[in-house]
Every structure is written in structure tokens, then in C-alpha cells.
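Please go over the structures that come below.
Across the two complexes that follow, chain A remains constant while its partner is chain B and subsequently chain C.
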Partner chain A sequence: MRREAQLSTQTSGQTAPQRVSLMQRIWYHRTAYLFVLPAILVVLFVRLLPTLEAIRLSLYDAPMGRPARFVGLANYQRLFTESQFYLNLRITAFFTLSVVVLSLLAGLLLALLLRRAFVGFDLLRTGLFLPYVVMPVVVAMMWRWMADPVRGILNFGLNLLGFESIAFLSRPLPALILLVIVATWNLYPFPMIMFLAGLSTIPEHLYQAARVDGIGRLRQFFEITLPLLKPTLFITTTTVTLFALYAVELPLALTQGGPASSTEVLGIRLYVEAFEYFNRGFASAIGVVILVINVLLVLLFGQLFTAKWNR
Partner chain B sequence: MRSESLHRQGGSLTTKLLKGAGIALLVLGFIGALLPIYWTLITSLRSANEVRTLGIEFWPRNPTLENFKLLFDRRLADYTTNSLVVAGSTVLLGLLIATPAGYAAARFHFPGKRLLLGVLLFTVMVPGIVIIVPLYIQMARWRLLDTYVVLIVLTLAYVTPFTVWLMKGFFEAIPANIDNAALVDGYSPLGAFVRAVLPLARHGMAAGAVYIFIQAWNSFLYPLIFTSSDAVKTLPLFLYSFIGFYDIDWGRLTAAALIAASPVIILYVLLQRVFLEGLVVGSVKG
Partner chain C sequence: MKECTTSAAQVSRRRFLRWIAIGSAGSLLAACGQSASTSPSAPAQTGPVTLRLRTFLDPRGPSPREQAFASIIERFQKDHQDIQVNIETAPFDQLNTKLIVENESGNVPDVTYLQPQYITQVVQANSLLALDPFISSMGQSWRDEFSSQGLWDQTVIDGKKYTMALGAHTRVLYTRPDLFEKAGLSGSTPPQTLDELVEFGQKLTSGNTYGLGYTMAPAGSTIELTFNALFWGFGGEHLDATGKAAFNSEAGVKTLDFMRSLVREWKITPEDVLSVPYAELAQQFPEGRFGMMLDGNFRLSGWLEKGMNEQTLAAFPFPSASGKPAPIFTNSWDVGIPAAVPEARQEAAWKLVNYFFKPEINLEYVKAEGSLSPLKSLANDPAFNTPWHKTLGDVLNNYSRTLPKTAYLNEMHDALVKALQSVLLDQQSSQAALDEAAKTYNTAAGVA
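Presenting the complex of A and B:
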């Protein structure tokens, strides 16, 4: 007991004297503030303030070399009235939705199967997770080579199955589909490992009881496994959605938005506007749109997952 | 894994078929996960001439290290050094920053804690690409473009929130009695942290280090935008410089891809237990 009392006087605010000045309170908790200060400073100056600056910049016409000029909502007006933006939006939605659904399904399926694997569990897990740690540029290179129209293994496979070769990178729809496949290949290990961890927290006796009651495997999955995976499902869906929405490196290295803007997700559009056309204000407006979509999606997922299940 | 005995009970044909299908699917997934890497490996072991003229081969007929030998020049050495300096510094600084913050988040109660953690969580939701323009302008103003510092600082800011969460999770798993005993022994909170708790958190720090190293080593967008000279550019840009040639030398490119990707792959294979645990711990809290 004495020990706990000691810790709380050192570290908790509950025993801090009442009616003291702010400075005294900060001094009292100096160790705690000292500990978090470096992290907070880095995040403040290199993430948070730039976010606010991006919002401010989106209201300016800010070309290279000339002073920025306040233009109000003109950047947004231009953005919302051009057809290219809606194309970007559609591509982003298609890409994100496909990657999220495919990688979650693949991750869940593999986690379920992996959990039942008795032989070679470690080897299988190591191999199945490997795509996640390969750097995006290398991922893009590997798949560009595999998608080569003449010497690529993808077309070799297609020919084997009786299909004609596809020039993946020079046709719009095949390029987009390839991008989805590659991003899924790169990302599914994350949901897989999360589900694997989530599954291991489900007590085995629940399944035993279900079996005793004669409940089949499919019903066990829907009535035990899935409900107990909800928290994992929420975190994983949110994270993978943000990953997919952030994705710039992979599309940039794989297709560079082409051919004919067919793989130009919002992030690539922002990159092109900012660093090829130097429309920094306009690019920032695209950034704000991405940010708003992100925040809305996170709130939506939060609502969906908590409202339905936790309350 | 513990349910083996249960499986044995249901030995009907359908169960066996399902089980067989499951194993087949698992093996198929395994092959799908590794095929691109394997394909890259065997391409890199074929001579340029073979890659250009011969068709699909699942086993290199005349394996050669020619592609790797051709790659080893001054430029590759420079880029590798740059990658190592940037990733190494980011790991050290990242741990230095995130470990105490994670400890404070796990143990201390102080005014404003919720707000600070909320800010960290919010910045996780801000995609890097959104702030790239303000960052570019700011770094240009500070004359930091094309330096190691800019790459280190940007990656550091990116990895900090997740690493703090990761460390918080690991510290929460250490009993508070450890801290208390040290405090009773007369240590200050700082002393208790350094002497008593930190040695027990080596696992978490290793997980954080692997996470940061992978992020820093694989980072492509930051070097692409913020660096321009060979003295600072990192390995992903070495690979990217191959793109755009009309006739890509795939033997050489795949060899370069393997060189660039292998440190992270080796690190992952060696430390996967720790890394995967960290990934789960950091994500669950975040």
C-alpha cells in the first residue's frame, strides 16, 4: 500500500494540492511533460501545423516564385466544376473500395485457415506476411516485370488458361485492375496479422460449447467468431481504408496515374498539380478534400461499428 | 491450434474435403505471396541476353551473378549509405522521442493528457500527401531541401504517433509495481523509468526500432520530392531512375530491386515475432 501511495504522489494529479497556479501544476507534473514534449513538438511542427497551413494555402493562388494571392474559395470552385476531379474521385473510390474489400477478405480467410494449420505454421505465416514489408517501389518493379506484355508471367498464365495477352500498363481498365491487385497483394498481410491476433483472443471453450450444442461450423463463424472480431474489424477496416486512400507511392511507381489518367487517384492528382504544374494552392485544396474524406470515413466507421455492436 | 482434438471427432467426408480445400487454399495463398519475389529472384540470376531472348523459365538455366556485379558502382554505394544513414538516424531519434512519451502515456496522469493523445491520434489520420506542399515550402524556407535532415525529420514525424502507441502498449504490460519499488528505493520518476522499467521494455523498443527502420528504409515519396543530389538520394530513387527507359534491362533492375528490398526482408524474417507483436499492439491502441 505504501508503495502505491508513493507512486501516486509522484505521478498522479489526484493528490496535487488544490488551488494552485497553472505554472505550479505544470512544474508539479514536469517529468510527464518533459517525457511527452519531444514527441509533441515533432508532431506539432511537422504534422499538425502543416495541416492547418494546407487548409490556409487552399484559399490562395500560390504559384512558384510569385507571392501568394488570396482567392477565397476559387480553388474549390474550380475543383468542383471540373470533370477531371470527378474522374479522380471515382477512381479513388473504386480503388479504395476494391482494395479494402479484397484485402480484408483475403486477410480474414488466410487468418482463419492459418489458425487451423498445424504443420508449418511459422513458415506459412512468415511467407504470407512477407509482401507487407517489401518497399512500394520494389513492389511496383516486380509487378511491372510480371505484367510485361511479351515476357511477363501474368500473360504466360493468361495464355495457359486460353486467354489472349493483355498489355496491362497501356490500357486504362487493365491498368486500374492491376493497380488494385498489386495494392491488395501489398496490403492484405496487415488485416491477416490483425485477424490472427484477434482470433487468438477468442476462448476455445466457446467453440467447444457450440459443438456440444450441435452448432455447425458456419453458424459458429457467424455467431462466435465474427461478433468477437468486431473491435479488430473496426481498427483493421479503418487502417486499411486510410492506407488505400493515402496510397501515392505505389501508383506513382507502378502506373504514374496513366494511361490517360485511368489510375489517377486523388493523391496522384495532388502530386501532379503540386510538383509538375506548381499549382500549390489548387493542390492544397485537393489535399483538404482528401483530409475531409478521411475524417468523415473514420467517423462513419466509428458510428457503424460502435452503434451496432457495442451498445 | 488447440482445437486439433475437436477436428478429429468430425471425421466425415465433407469435413475432410473442407479441410483439404482449406489447406489447398492456404498453400495457394503462400505461392501467390511469394511468386512475385521468386520471379524477381530468378530473373536477377539470368544474364541480360537470356532475359531478353528466352521465354518463361521457372528455374534459371545458367544462373549468374553478372547483373549484381554490373550494379556495384559508386552510385549504388552512395545511395545505400544514404539509406543507412537516414534509416539509422530515424530509428535512434524515433526511439529517443517515442519511448518516454509512450511511458508517460502509459503511467502518468497529467492535465492535458487526453488532448495530447488526441492530437497524436488525429495526425495519424492526416495522410502524408495532404501536407506535402506546406512541408515543401517550409523546408525550402529553412534551407533544408536536399539534406539528410529533411528526410529524417519528415519520417520521424510520420512514425512518431504509431511508435508512441506501440510503446504505450508495451509499458502497460509491465506491472506498475516495478516503478513503485524503484520510487520507494528513492529514485526520481525519471530514475525509475531509466533504471527499472526501461530494461524490461527492450522487447517493445526492438519492435519500435524494426517498425521505424522499415518505414524509413522503404520511404519513397519524401526522397522523391525533397532530394535532388546523389549525395542524399536513397535506394528507392535508385530503382525509380530505371523507369522510363524505353528498353528496361530487367535482369539488372530485378537485381537492384532485391538489393534494395533485402535488408528489410532479412530484418523482418529475423525479428518477425517482435515486429508483428508491435504492429498489433500499436494498431490496437491506435
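Presenting the complex of A and C:
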């Protein structure tokens, strides 16, 4: 702005600002744009162009190895008229909502517990972060073995307590609950670290003032902590939601979508259509639907976290 | 000051544009260089050839089959000094799909293992080379060496032959004679009918041991192995003459009802078969978890390595309701040449494929694998003189069946598995589940 103002006074000798074209504005900030250019190119080629290509492909019947045929909205019509899609949608909604709520709660609780340093704090924090760095496939295999009805530690514990073994992965509800638990276990460290960072930015004097005023801890949490965590909450909720919505490896490795499609989230459906059936057009249609859901959710979160906490 | 500013801006703009031009040219050169090296139209190779062979076998693996495989490749390279072989491994259930995906880019191995029952899908994706010119060049006597017409025909699509079967895989009912004796049954007398299968299973079920290991996990192998063994025994057919689903027939209903009863009523099969992968289930048989198990000949060598012997392992044809052995799914591990392999390399690739069918090589391979040789000259080899191989040979020659040739086999299997599991979980009746599966298949195959 300052440079633009300088330009206007130098070129015209008048104080009123000259009209500056877009190209001129870009040229003035050329160094900044040069630095940002690699990131823009990455977003363009890795995100935007493939997304546009997926939208285009969703309008075609495009089996792998054969010529594609334009079919308009036929893929969407097939998707919205089949019962399997709505089953996948319900399961995805349950899975996503459960994982987001549980991992945010767990992350926030642990962050609150860890915000004050104590002996062994670093070790504990590192240990609690470990689940996040383990690959989802490894997490799934580990929990499969733990849930094994013959040799798994979960059933060993149940037997010790006098209960009968449960074939967790062979029953719909236990399989879905186990999937939620495993996904939460894999994801909670991310919100934990985000909330720890967010909590560290809250000035301590606010809590001191609150204590002086006789405000209890619970009220401090709701009146001070939560409002000031709003930006962190927005980013974390959005990110965890996207992780859960796009989950493929974990459910695929843990349950393969079974038993009887009871854990078949939309991500698995997309994977099967794209990489087992090679229906690129139909799979792209599923991908576009997931994208639209994501966009709507991000907009919703933006409204929710902006409107609710603005006072 | 204005002039200085202007000339400084001009110099700076020129320098900036020069940087952009150099950078763009450099990127373009790098991209061109890359595309030349991976272009399928690259010039033909002269001199020594390095072939890429893709398989699920790890040449450093401990199993007899993997060790035999590694030895065979080493001998091939000794016998063909101008050909080197690089082995790439991939999960067995991804070999076909990887080929279809990679064929789009032209970055394919020169020779690849494939599952023949899914060949129609691979051929329809134009990913495989027809082998007829090579086979013709070998002469009729070479062709006549292959014993099983069914095994040969399973990869003939529209009159063209696409892959070669390394060894025949069939399935039998393995039993534990030691557990039979413990249960008061004769270890040498197998169940002859489905009623006897259930009766024996109930006698064998005790404590942590179940009568019958029978996979029902969400995988194609469930349909190939356990569903089809009953379905064909009940007289069922997967597709009708027009290519539409026909498995929602009385035979299909009987099959799902029987499989449900194994778990829910007779309780001779544990509930966890709905989720435990087939290969994991097979590990539990030598450990004594099952008194009987339907499985393939490829398990044999591994189980024998674990110490099983004639006292703890027997093999019989799988029974059917009629008392005659049930038709059983038979296939093989095949080798083929991807369509995108350049013409200059196809001859070398065929040499590698053909090497597996030299009698002494094929014998070493199938012995280690526990399969049966596709070659007539090896049928009476002493290696196949064990009690297990006699049963396998009997089943292969008299009761084997291959799957219908459809490019939508994955869709059919998934639809049938969902139907099976929904019936097992009492979510639907067998007829309703099968009707839904038939509708799903017909839609996917475009024959609705």
C-alpha cells in the first residue's frame, strides 16, 4: 500500500492515488509472489487440477483400459438411487461424528492435563503422541490381533473378568465401535498437540484475574479457555473431520468394510469402485460427493465457530 | 531520480525475465529427458536384457515354494547368460489389478504372475498379450504335453490364449485323523454326504476345537472356495445363457442356509470365520482348532513343514448332498506377458515363461508348491505318489470346475459375500439377499 502510494505521488506529483492495474500490483509484490509461487503450483497440480479432472471424469463411463463415454449425470443418478449409497452415508456420518467428538474431547482433556509441566512431562507427552505417527495399516493390524477371538488380548481380558469371548469383527455393532475406537486412538494426538499449543497462547493473567474474582475452574474453562481456543478449535475440528471423512486405509485394513457392509464407509466404497472394479467415472462421482460434503462442513464450521464466539 | 528508478526497474525486469526463461527451459529439458526414458516407443534393446518378473513369492522367503522359485530363476539366468531377471513382489490379490493400472502408463513388468479366474477383466482392459504366436512356434507336441483341457481353457478368451498355468490348484476336505480318533470316529473314513459332514463336525466340536474350518470372510476366496463347493453340489449356476446372474436360485438359497446353519444352528464352525482372513484360518488347522478344513493343495507343503504327517493329516473329496463328491473350484497360478511390453523384449519374456514348463523345472516348482503339474509326462512321477496327491489328482481329473468367464467377477464375489454375511447376521432371508446380489451384479455388468 505504501509503495503504491509512493508510486502515485512520484508519477503524478499529486496526492490523489492513481489507478493501479492488477499486473502492476503483482509486479510491485513480485518477490512475495515468487516465494509463494511453488506452493501455488503444488496446490494447482496436486489438488486443483486432479479435482477438476475428477469432476470431469464423473460425467463419463470410464472403465480402465477402454474408451471413455460421456454419460452426463448417469453416474450420479445411479449413486443417488441405490440403497447401498445411503447405507455408506449413514455409516460414514456415524463414524465421522463419533471420531471427531471423541478425539477432540480426548485431545482437549489430555491437553488440559498436560498444560502444566511436571516430572516426566516430556516423556509422557511423547508417549501420548506416538499413536499419531504409526501408519494406519499398522494400527489396524495391531488392533486386529488384539481383537482376535482366540489369541487376542481384548478377549483374554474379558475371559479373566469372567465374560465370554466376543468376535468383535464378526458382528456389525462391535465392529463399528471397534473401528471408531481404533480411529480415535490413531487421531487423538493431533488435537492434543493443537490444543496444547493453543492453551499456551492464553495469557496467564486472565486466569489470575478470574481467581481473584472468585470464578471457579469450570467457569474459567467456559468463559476464558474455550472462547480463546476458538481459532484452534476451528482448525482442529475441520482437520480431524477431513481425516475421518477421507479414511480408507484404516477401515479397509481392519474390517474390509464388513461384516455385511456394516463398516463400509464412503472411502472404502470409492476405493473398491476405483481400484477393484476400475469404474473410474462412478468412483469419481463418489469422490465429488465426498468433496461437496467436505466443503459444506467446512463452511458450516466456519459459521459455527465464528458466530458462536463473537460477542 | 525518475531515470535512475526507471533504468533500475528495466535492468531488474530483464534480469527477472531471464531467470524465468532459464528456469522454464531447465524444467522442460528435465521433463523431456524423463519422458524419453519411460516412453514405450523407446528404441529396442540390444545386448543383454534385464527382465522384470512380478510375483507374490519372495525369493528370500523361507517357504519351500519360495526357495524353489528362487532356485529356478537362478538356473534360468545360468542357462540364459544374456538375460537377467529382476524380481518384484506384490500381494497376491493385487497382481491383476496392478497390471491393469500400470498398463495405462506403459510401466509394466515383462512377465507377471496372475490369477486366471480374473483374466477376463484384465483382457478386457487390454492389458495382456495373446500368447498364440509363441505357442504355435513351439509345435503341436509341446501343446499336447498339457494334460488338463479345463485348466488350459480357463484363460482362452475369445479364442485367444493369454496365460500359462504353472501348476494346478484344487481343493479338498482335509481332516485330522488324530482328532477323529479322539472323537470316536474312524480317521480313515471321511464324511460322504453333507449330513455326515454335519454329524462328524458336531462330534469333533469340543472345547476350543471346532468341527469344520469354513471361511466366510469378506473376500473373493470365500465365494471361490466355500460358497461354490456347496453351490455347485446343489446344482447351481452363477450365470445364465445371457450372462445375467442366476445364483439367486434354489441352489443359492440352499447354500446360504447351509452356511448359516454351520455357524448358528449346528455350531460346528466358529463365528469369527466372518472376519478372520482365509490364510489366517489355515494357520489354525495344524494347531488343532479344526477337525476338518476345506482348503487347497497349496497348503500341503507348508503344513508338512510344520510337522503334520499321515497321522495328523488326510485329504478327501468334499462331499455333496447326493453322496457323490462335489464339483470343486480349480485354478492355478499363471504367468503372462503384459500387452505394453515392447516387441523387442517379448521373445526374452516368452523364454522365461516357457522355462517353467521344462519337465524338471516344473516338477521342482509344483513339488515345492504342493500343486499338480499341468504336464502329462509328470503325472506318474513318484513325487505325486503320496496319499494326499492321489486324492488331489482324483479331484483334479474328475471333479474340478473353473469359474464363469466374466469381467465382473469381483463385483459378483462382493455381492455374494455381502449376501452371505447379511444372512449369517440374520439381516435378510437367503432369497432376498441373493435377489439383491443378483441385481447388483446385473447392474455392474450392464445386463440389467
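To be clear about the criterion, the second predicted complex is superposed on the first by the 259 of 311 C-alpha atoms of A that agree within 3 Å, B and C clash if a C-alpha of one lies under 4 Å from a C-alpha of the other, contacts with A are read in each partner's own complex, and residues count from 1 in each chain.
Throughout what follows, a residue touches a chain if its C-beta (ideal position, glycine included) is under 8 Å from a C-beta of that chain, and two chains touch if they have at least 3 such contacts.
The model shown is predicted, which means the values in this text are computed figures rather than measured ones.
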item	value
Partner chain in contact with A:23 - chain B first, chain C second, else both or neither	neither
Which superposed partner A:218 touches (first chain B, second chain C, both, neither)	neither
Contacts of A:161 with chain B and chain C, given as first, second, both or neither	neither
Chain touching more of chain A, residue-wise (chain B, chain C)	B
Which superposed partner A:259 touches (first chain B, second chain C, both, neither)	second
First (chain B), second (chain C), both or neither touched by A:63	second
First (chain B), second (chain C), both or neither touched by A:276	second
Shared contact residues on chain A - chain B and chain C	10, 148, 275
Contact footprint of chain B on chain A as seen in their complex	2-4, 6-7, 10-14, 25-26, 29, 31-36, 38-40, 42-51, 53-54, 57, 106, 109-110, 113-118, 121, 124-131, 133-139, 141-143, 145-146, 148, 151, 153, 156, 185, 189-190, 193-194, 197, 204, 207-208, 211, 217, 231-232, 235-236, 239, 242, 245-246, 248-249, 252-253, 267, 270-271, 274-275, 280, 283-284, 287-288, 290-291, 294-295, 298
Chain B residues within the chain A interface of the complex	1-4, 6-7, 9, 18-19, 22-23, 25-26, 29-30, 32-37, 39-40, 43, 51, 55-56, 96-98, 100-101, 103-105, 107-111, 113, 116, 119-120, 122-138, 153-154, 156-158, 160-161, 164, 176-177, 179-181, 183-184, 188-190, 193, 214, 217-218, 220-221, 224-225, 236, 239-240, 242-243, 250, 253-254, 257, 260-261, 264-265, 268-269, 272, 276, 279-280, 283-284, 286
In the complex, chain C residues that touch chain A	2, 5, 16, 97, 100-101, 103-104, 121, 124-127, 208, 217-219, 270-276, 284, 289, 408, 410-411, 414, 417-418, 421-422, 424-425, 427, 440, 443-444
Touching residues on chain A, where the partner in the complex is chain C	10, 30, 63-66, 78, 84, 148-150, 167, 169-172, 175, 255-261, 272, 275-278
